[in-house]
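Following are the structures in question.
After this come two complexes, each holding chain A, first together with chain B and then together with chain C.
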Partner chain A sequence: MGLRWFHYVLWGGLISGMFLLPQVVSNGTLRTMIFANYLAIFAISWDVLSGRTGYVSFGHPFLIGIGAYTTAILTKRFDVPVEISIPVAVVVTMIAGLLVLLPALRIRGSYFALVTLAFMELLYQLVQVIRPDLTGGTRGMSGIQTLTRGAANGYYLSTALMLSVAVSMWLLMKTRIGTALAAIGMNEESVRGSGLSTTRLKAFAFLTSALIAGLGGAFYVHYLGSLAPRALFDINFLFTIIVAALLGGTSTIIGPMIGAFFMTFLLEYLRPVLPGAERYFVYGAIALLLYMYQPKGLVELAQRGFQRLRKGGLA
Partner chain B sequence: MLQILIQGLLLSGLYALIAMGFTLIFSIGRVLNLAYGAYLMVGGYMYFWVSQTLGMPKLMGVAVAALLGVLMGVLKYRLIVKTLKGDHVAVEISTLILAVVIQAGIVLVFGDSSKILLPIVPGVINVAGASVTYNILIATLISWAILLGLYAFVRLTHTGRAMQAVSMDAKGAAISGIDPDRINLITWGISGALGALGGVFFASYTQLSPSMWVAPLIISVAVVIVGGIGSIIGTLVVAHIVGFLEVIVVATLAPELRGVFTMLLIIGVLVTRPQGLFGREEL
Partner chain C sequence: MIKTALLSGTCIALMASAAGAEIKVGFIGSLSSDTGLSTLRGAEIAVEELNANGGVMGEQITLVSADTGQDPTEGIRAYEYLAETEEVDFIISGSIDDVSLGWLPRMQEYRIPTLDTWTSYIGIIDMVVEDPDSMAPYFMNIASDEALATLYINFGADVLKEKMGWDSVVILAEDTAFGEAITGLVTEALAPVAGIEVKEIITYDVATVDFAPIFSRAQDTGADFIYQVSSVNSQVVSSQYVKLQVPMAMTGVNVAALGMEYWEDTGGAGGGISTLSPVPSVGFRLDPASQEFVDTYQAKYDSRPLLPHFNGFNAYHGLKQAMAAAEEAGGFDNVEGWAEAMKKQDLVLELDGQLWLRYAFWGDDEVEPVTGRTYPHNIRFDLSEPFDDAAPSMVVVQWYEDGTAAVVYPEKYATGEFTLPSWVKQ
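Here is the complex of A and B:
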């Protein structure tokens, strides 16, 4: 798989750094980092599908919402223990991913994005009307069992989850499957021409993405303890996920992570200066400019800067 | 029954006007302008600001909204779509980001709470037991007039025929001496004006709020997808399908389900007939 010594050093450094962090920073910062962790999970999930294969999904809140709602309904309404409800939620999300996949096998480009967007809006409207005694209707649910108490524990759990997702996806992308997925993004026809089944590869990417989304959504709702349809199936939520992945840099693992942390902390630091929705104005403007002029994101910018420094040092 | 018919006709006329600007862009540039809903929102708010906050004449408000729509369309073509050189996915993502930015800008200027527009033309008329406000009646009549005018413009004028040519084949049009860039610019301007005008009427039909752009965008998407790419007649027909579907669902099932069938229609048609019900036509 081409693992080199510096890979171990960098991942080891990141993992130990993140787990030592609670000794240094305040609880408030930790709570922000928990949100950044979950956003990173969602952004990685989006990137596995859309960043690699080029099939842009506007429906990721659909997958995350299904994971979140399944485990919330199971634990709250049917008293199912969390150990069972979270795996069930992940499986249900993957089945829902298959539902999105069926049309996706026929259509691509703009139309695929629209189908996923339509699925998200469909679920948003249905969840409020169908069986409101289960879903909590428009107001959603509160008092859902939480897994951890205190900022530090929540941080450890979310960090462990995020890092294990990141490392396993990074390893997966190092394999031949990862290479093939990235190749689909460049030219689907030539991948098919090389004798690979693009249908199977796309199905794999979808299911992986749905798995991560369901896992993230389920743990997220057990951290928050509440959920509401407008908070989940929302274009702003979709925007946050996509922009986190794009800002950091798609088709990388570290990119969505950096993007998620950058985004969460920027929004947090803007809070005293600009309370309310104005932060999205500044944030969106930055995201739009960066996307227009450097679609590959912060990772690419950093790499270029690094190369320039090295060249400058030699000359 | 008669009430459903009247309500359906009125709503569908409005939807046809809203969807038309979106259709034009999709037909000429093959790009989905996901910030289209934001045009409607800005148009509605602009009308509100000019006519209700400043107290200027209502026609002035409509004119300012339409002009701002043209400006937004032209700017967006110049600054975003042309820079991205027709990369469709990139245009969609950046217009989605732009829509969120505009939404945040609206909150910044006008605040979070929703606002009620005074009717553009006050008064109510009774038609067969159904009370119809003059406001929506006028909106429907105006949107029919605009649609007919647009149809004539596209069919009869030189610029309109150049638009048809570009939508069929941009390279071929360029060889025949048409400047596709200029035609694109004109189309984006017209689309912006249609969006802003539709927004004024849509806002007076519902209300002004910073999240009002999502519903008309979904409706436009549905009309374009189901009607086949960019035909004016297809747009008109499907706007009536969507409008009547909504009115019938609200009247017979439940008001909360009003959008569900629109979404099912989008998904169903995309999966079974990606070319749309009416096939591929040029304008």
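Here is the complex of A and C:
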């Protein structure tokens, strides 16, 4: 896998730093970081599928929603313990991920994006009309069991989850499978020509992406304690996930993490200055400018800065 | 020399500490909607008046706001911001139903006394019934939607059935949580109580811009009138009803028609429509205390909403009651003590020597005689004439074709007559 000593140092530093953070920052900041952690999980999940293979999914809230609704219904309506409901939610989401795979066997590009968008809209409509006694209908569900109380506990849980996902995906992408997935994004025909089964590789990417989305969605809903279809199957939620991945840098693991933290904190720090809808305008404008200036994302900016420092140091 | 410096330092620290002592109120709601702004401004005026009179428990009150953008997840983040970053003592909410449902688990966790002035979802009162301990910090000073619908059924029986002679209705409802709830409540009771048959329920998307096919389908049902349930895109359906001169009467719930800007928003094409409204509404005669609030409001703000919606009144009176309860309980930290003191708050506002509005709460075990159930932590309302125990849960407001509005039901509060649009034949 080509692991080097500095990989261990960097990951170790990041993990230690994040777990020491509650000692130095306020609870308000921790709450913001919890949302950033979940957004990072969703952005990594999107990137595994779309950033790597080039199959741009507009239906990611569909997968997150399946995970969230499954565990919410099981725990609230049937008193199933979360130790069981969360794994079940992940499995159900992976099955749903195979549904998303089906159109990808025949189409790609903007057509694939539109079909996946339809999945999200379909689920949005379905949860409101089919068994609203279970789903809570248009109002959603409140009083869903939460796994933690207090900012620090919620932070530790979400950080552990996010870092587990990030490290696992980073290791996976260092393998030959990761290389093959990235190759699909560059030229699917060539991958097929080299004798690899692109269908199997795509199925693997879709299932992995669904696994992360389901896991993230399930833990997310047990953090929120409530679930509203209007917020979950929302185009703004979808764009936030995609923009976090794009802004941070696609086809990387650290990129979606940086993008998620940058966007969440930017929006939250604008709140005291611009309490109304104006902050969304400023936030959108900053994101747009950054993306126009550096389409490869903040990761690329950081790498260039690091290289300049090294050159400066050597000179 | 050292002693003097230490003494001065201590004095400065104490003064700084005293100056920093304050009661912090957080507003949670949409800063871009008329209803959200009504709550915020009502709270602002109440805070200014309380501060001018020396504050609460000798401390000045400050108000900070957190925008929800009417999004449930943003609502959770806004509540967390108020609780963890601003560390507020009390929260006043101008949130819609699913946004309140979103932040309720946070309220249960932080146990910050919270007053909802806009959400009317009966499910939240049910949560107070089922889990009184964790819901102790929560109060709702608008009549719950079940109470609104119950009195509306009386309007159906007294006016739509008896006076107008209508036997059937077609419901046009926006595809929203609010639309679903009101439609359910109305359909369950309209037929058995008022004797009005529901011919069909037509649900439409909130982004609908062409209502001609929907009105055409409504006419095809052969119903006597349309019952409209609209809370998001109310101006469009109203103005198209007028412009198309749909030959059926249309009443129901039209949230846009609850504000004075309705006439302007519909381009003057909003006449002939009536809507259920919580109190006080447009066209509502105001008691002297509420009128004084409106005068202050209009002198202070020159942007919409020019007249506060009902929740602006609720915020104004409710915030003062919450502060009075805090004074009695010795602050907001003892949530149970504050909640007990809040339950004792009772503001009776009279007009012409009779009870007109009342800001009080139902007792925990007190059964409302018409519905036969309890409404703990919900504002006290009255569902039957002569409304001598509290204000009615709702009134019916009629917009006329000359741009004026009046209350047409119940009779005690009526300032005008229920009429049909000029193009509709009886």
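Just so it is clear, the second predicted complex is superposed on the first by the 306 of 315 C-alpha atoms of A that agree within 3 Å, B and C clash if a C-alpha of one lies under 4 Å from a C-alpha of the other, contacts with A are read in each partner's own complex, and residues count from 1 in each chain.
Following the convention adopted for this analysis, contacts are C-beta pairs under 8 Å (C-beta built on N, C-alpha and C of every residue); 3 or more make two chains touch, one makes a residue touch a chain.
What you see is a predicted model; the values in this text were computed from it and never measured.
Colleague: Given the alignment on chain A, is it a clash or a fit between chain B and chain C?
Modeller: Clash: chain B and chain C overlap once superposed on chain A.
Colleague: After the superposition on A, what does A:G28 contact: first (chain B), second (chain C), both or neither?
Modeller: Second partner only, chain C.
Colleague: Could you look at A:G140 and tell me whether it touches chain B, chain C, both or neither (first, second, both, neither)?
Modeller: Only chain C; A:G140 stays clear of chain B.
Colleague: If you stack the two complexes on chain A, which partner ends up touching A:Y111: first (chain B), second (chain C), both, or neither?
Modeller: Touch status of A:Y111: first partner only.
Colleague: For A:R149, select first, second, both or neither according to whether it touches chain B, chain C, the two together, or no partner.
Modeller: second
Colleague: Out of 59-67, 239-247 or 401-409, where does chain C collide with chain B after the chain A superposition?
Modeller: Of the stretches 59-67, 239-247 or 401-409 of chain C, only 239-247 runs into chain B after superposition.
Colleague: Taking the contacts chain A makes with chain B in one complex and with chain C in the other, which residues are shared?
Modeller: Of chain A, residues 128, 236, 276-277, 280 contact chain B in one complex and chain C in the other.
Colleague: Quick check: in the complex, which residue numbers of chain B touch chain A?
Modeller: 31-32, 80, 83-84, 88-90, 92-94, 96-101, 103-105, 107-108, 112, 210, 214, 218, 221, 225, 254, 256-257, 259-260, 263-264, 266-267, 270-271, 274
Colleague: Inside the complex, what are the residues of chain A that reach chain B?
Modeller: Answer in residue numbers: 54, 56, 58, 102-103, 106-107, 109-111, 113-115, 117-119, 121-122, 125-126, 128-129, 235-236, 238-239, 242-243, 246, 276-281, 284-285, 287-288, 291-292, 295.
Colleague: How about chain C: which of its residues touch chain A in the complex?
Modeller: Going by the criterion above, the answer is residues 31-32, 65-67, 69, 71-74, 76-77, 80-81, 84-85, 97-98, 101-106, 109, 121, 123, 127, 175-177, 179-181.
Colleague: Across the complex, what residues on chain A touch chain C?
Modeller: Residues 26-28, 30-32, 35, 128, 132, 137-140, 142-144, 146, 149-151, 224-226, 228, 230-231, 234, 236-237, 268, 271, 275-277, 280 of chain A touch chain C in their complex.
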